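Shown next, in structure tokens, is the structure this report addresses.
Here the chain labels run A, B and C in written order, and each chain numbers its own residues starting at 1.
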């Protein structure tokens, strides 16, 4: 639309601003296959040594198990967040609820207010439900913290469905639930997909909750394993090994992100509207 | 109705005795804090003891099966958080390996059980443990834990750097005695490393390399300036404002002289280790166990040729050269069953045998827990442990077991940080510490 | 979809006719809401309420959470002595004795101690008493029938002991009754004082807030938090976000989507890895210090080596995550600007800068306000990235309120976890967050967002 302006200065500017990120991510990938002499920027040697953790469990612990655990956490997040949010989102979008306004305001406030500061209270609840130090506890807490976001997103998608569709269904004598399942859910599929991906990403990257709420759990997730590689005062750690494990850990996320990029944009857009 | 805990516990215990004839299976879990690659025997010693106990049971004709599950935390904050929260949620491990100072708060909260109810301290091997170590594991008239190791904290000196500024062999060798007698003070140390910097031997800002994070080490400087952490008679905490001001002043002055950087606190451990091992610092302070790390992981080869080691020098007339030991202790969680605790306690006692404990002491360069241990050939043959035992260990003391000490500890370090970074002047920082500790603890603390 | 980003559209939409009649409550709606309500109640509302309660207690590691016993310890008696309790009373309370008589033997039998062992005890020690429990224990061990396991013997020995010291009672009445039998000469008032002081659990107090209000550290934390939120928000979340959005608005589609993907990466990269990438970027031996050394600039650990660079690092690394938020939002708003308007200005000979300033920026008022509002809240309570990178250092120069609350309550070297104090700090954040949210809801015309449902059956 703005053909008559020069492109070149823009290119320079955008590249300059993005340089730190490009460097960080560029070297992130580069360093997993190479070694650089100490004090040098550029690598001088190609090596697959950093990937040895894939078969040598002594290098970085049992990464496969941790990956599986992380996948379980992430998928469970999807299983909790998506159904619960889509039901609640529908109710809040279409049905007459008592204190609806109040509830909606609450969702908005909670959405904007990440509840990690409430960890002490969360711990107390987990202690009483016997869920402390279990992955189930982490999943439920993490899921609950994501609900305001999920509900708000789904409400947005339901709002966008023309209500004539629903009206027609109801007038044909179908129950409200059938209408919801048969007519409405297919309409909000993009929202469901996007929310699923988002819940997955959120679960996949989570670090704080497993560490604080399930430290002795058998289920070590990748983020905790990864941080153990660098923590502590007596291990001369290996940045390249760490980065390689990190890339291995992040690849599924990047892949998902690339595949679903456009849909995610919708949800980012939707998400920002709360 | 009175609920008498001991009888209830006994009833539970006796209930289980009825089944003693059947095979017994136990899983004993051990969590250990601050435990890295070289200190694996904190947990492994329990496994060795379990092995031995099963054999003994077999000899007696009993069928006993013990599985030991260990988990090591490399840091302290994660570990203590995990132990505390797990205990609150009633799924803590059976055995906890932590610093002795945790006994105060944990015993008050009922998170741990006094180990003296489970083992005899007047039988071997526990009767050979140094009485002063047992003292550090005691609180409120009860022995809560079995000491797992001891150590001394040390002022290290770069011999090449001292030589480069013209110190003679004799001067370097007599340094330890001069420090111990109080003749060579912290002020002299700053002058010395300043001289190294001025003569280009050591890079600016690298003369002095203190510990990079909060830890018991900084209390040594409080003692160097005459501070006492607690009244030895009553156990009451003491805030010595003058000593605080003295130590804050010392570090502020060291920053002023540029022998240590203003932002040194919070440096990565790795960086510190590398500098220490490479001899980049003129003088630095750490612990006896660091030597093992420098040699095993950071490539220091000729320790005795490159590094002189002394007590932490005195700061002024009021203070003394000193060193703090921070024994770790084996503790029993209160969330285990009585049976598990009984087994766990006996495992701990067996793991405290001189030869088993010596494995940890020598591998991680910690000091042993008993006189007998020094006779174990493995231990006796270790030059560093022998030297440290002779030169440093007799002058060590421990931080107090007092559930309120954490408050003082946190306040002291905050004051140190703010005077170090120049945010507050030392006198004001010391006064702030005194005020805030007094405010929080009231009658339970004496301010001098 | 309704949108804050586009208030004009919002206004148009809200003209939809709304019904005046109040429809009956939908039961289905309640059922559909139930799972969400359950989870939110358990893990959101309840923690908020608990935080509110904990904030007014002295809950800590040594008080334990949610339980307290009554224990008389030597230290407690010493403290009571300092507070003026008579030494005769203290003496009486700390009395300990071991008596072997018919009554104690019966007690041991009732508790299930081995009969043969008891017979031996009766034979050897009946009618004797010991001053020190340890003496008694030593004598017991000499008996042939003594249990092998130390624990069994000690538990049995304890049954002959009369002492209140170091014993945990779950109720105050239990301790009180025991004290009465053990030391009848102590007056009820003194006894009550002992029992009260012996409680190990948490007590209600407003001290946390007094401490927050009086300590100097508070001012620094507040200042740091303001600096962190203000700088990150203005420079990155809004500043850089807007800049990127405008620049990418003018670049061809392929390139613009490439760069927006790049800028979204920090948001989706797991936080642990992101933190390490920054360490690699700023630490000694890392990218920037090596680069600086090669061009002759001061080279050190920028993340922790100086206060200024630590702040710069911390703000930048958080800002890079936040920038994508602004980028997406502003891009959306930019696309909503009628193209004709831009064409017209170009025909009029406006330069790009003029176009941005005259046409684009004025339309960005609402999105900017929204990003500011929304991200203030996120930044206020975020600490994970800071914790994993500068960790509040060097010294405590980059410690912000949320990080300090987390550390106070859950993570510090001494393991002295002050849940009560931490909850008080968290509560301050909750209140600030609520107040800000309410203001924002006003600002963004909440009523239009929550228009009544379309079908009310």
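Operating definition for what follows: a contact is a pair of C-beta atoms (placed from the backbone, for glycine too) under 8 Å apart; a residue touches a chain by one contact, two chains touch by 3 or more.
The model shown is predicted, which means the values in this text are computed figures rather than measured ones.
Legend note: the chain whose CA centroid lies nearest the centroid of all displayed protein CA atoms is C.
Relative to chain C, the chain whose mean Cα position lies farthest away is B.
Chain pair with the most C-beta contact pairs: A-C. Between chain A and chain B the centroid-to-centroid distance comes to 41 Å (mean Cα coordinates, whole Å).
In terms of their C-alpha centroids, the spacing between chain A and chain C amounts to 21 Å.
In this assembly, the C-alpha centroid of chain B lies 28 Å from the C-alpha centroid of chain C.
Residues of chain C in contact with at least two other chains: 65-66, 410.
The residues of chain B that reach two or more other chains are 78, 81, 85, 88, listed in rising order.
Of all residues in chain A, those that touch two or more other chains are 127, 212. Remark: chain B residues 31, 36-38, 71, 74-75, 78, 81-82, 85-86, 88-91, 93, 269-270, 273-274, 293, 297-298 touch chain A in the complex. The part of chain C that touches chain B in the complex is made up of residues 60-67, 69, 71, 73-75, 78-79, 82-83, 107, 111-113, 138, 141, 149-152, 154-156, 158-159, 165-171, 174, 177-178, 200, 211, 214-217, 220, 283-284, 301, 304-307, 310, 390-391, 393-397, 410-417.
Only residues 1-5, 23-26, 28-30, 32-33, 35-37, 39-40, 42-44, 46-51, 54, 65-66, 240, 243-244, 247-252, 255, 259, 261-266, 268-273, 276-281, 285-287, 290-291, 293-294, 316, 320, 324-325, 328-329, 332, 339, 342-343, 346, 352, 355, 370-371, 374, 377-378, 381-384, 388, 402, 405-406, 409-410, 419, 422-423, 426, 429-430, 433-434, 437-438, 440-441, 446, 449-450, 452-457 of chain C touch chain A when the two sit together in their complex.
Across the interface of their complex, chain C is touched by residues 1-2, 4-5, 7, 10-11, 13-14, 17-18, 20-25, 27-28, 38-41, 80, 83-85, 87-88, 90-98, 100-101, 104-105, 108-110, 112-122, 124-125, 127, 129, 140-141, 143-145, 147-148, 151, 156-157, 159-160, 163, 166-167, 170, 176-177, 201, 204-205, 207-208, 212, 222-223, 226-227, 230, 239, 242-243, 246, 249-250, 253-254, 257-258, 261, 265, 268-270, 272-273 of chain A. The part of chain B that touches chain C in the complex is made up of residues 1-7, 9-11, 13-15, 17, 76-81, 83-85, 88, 98, 101-102, 104-106, 108-111, 114, 117-120, 122, 140-142, 213-215, 234-236, 261-268, 271, 338, 341-342, 345-346, 403, 405-407, 409-410, 414, 417-418, 420-421, 423, 432, 436, 439-440, 443-444.
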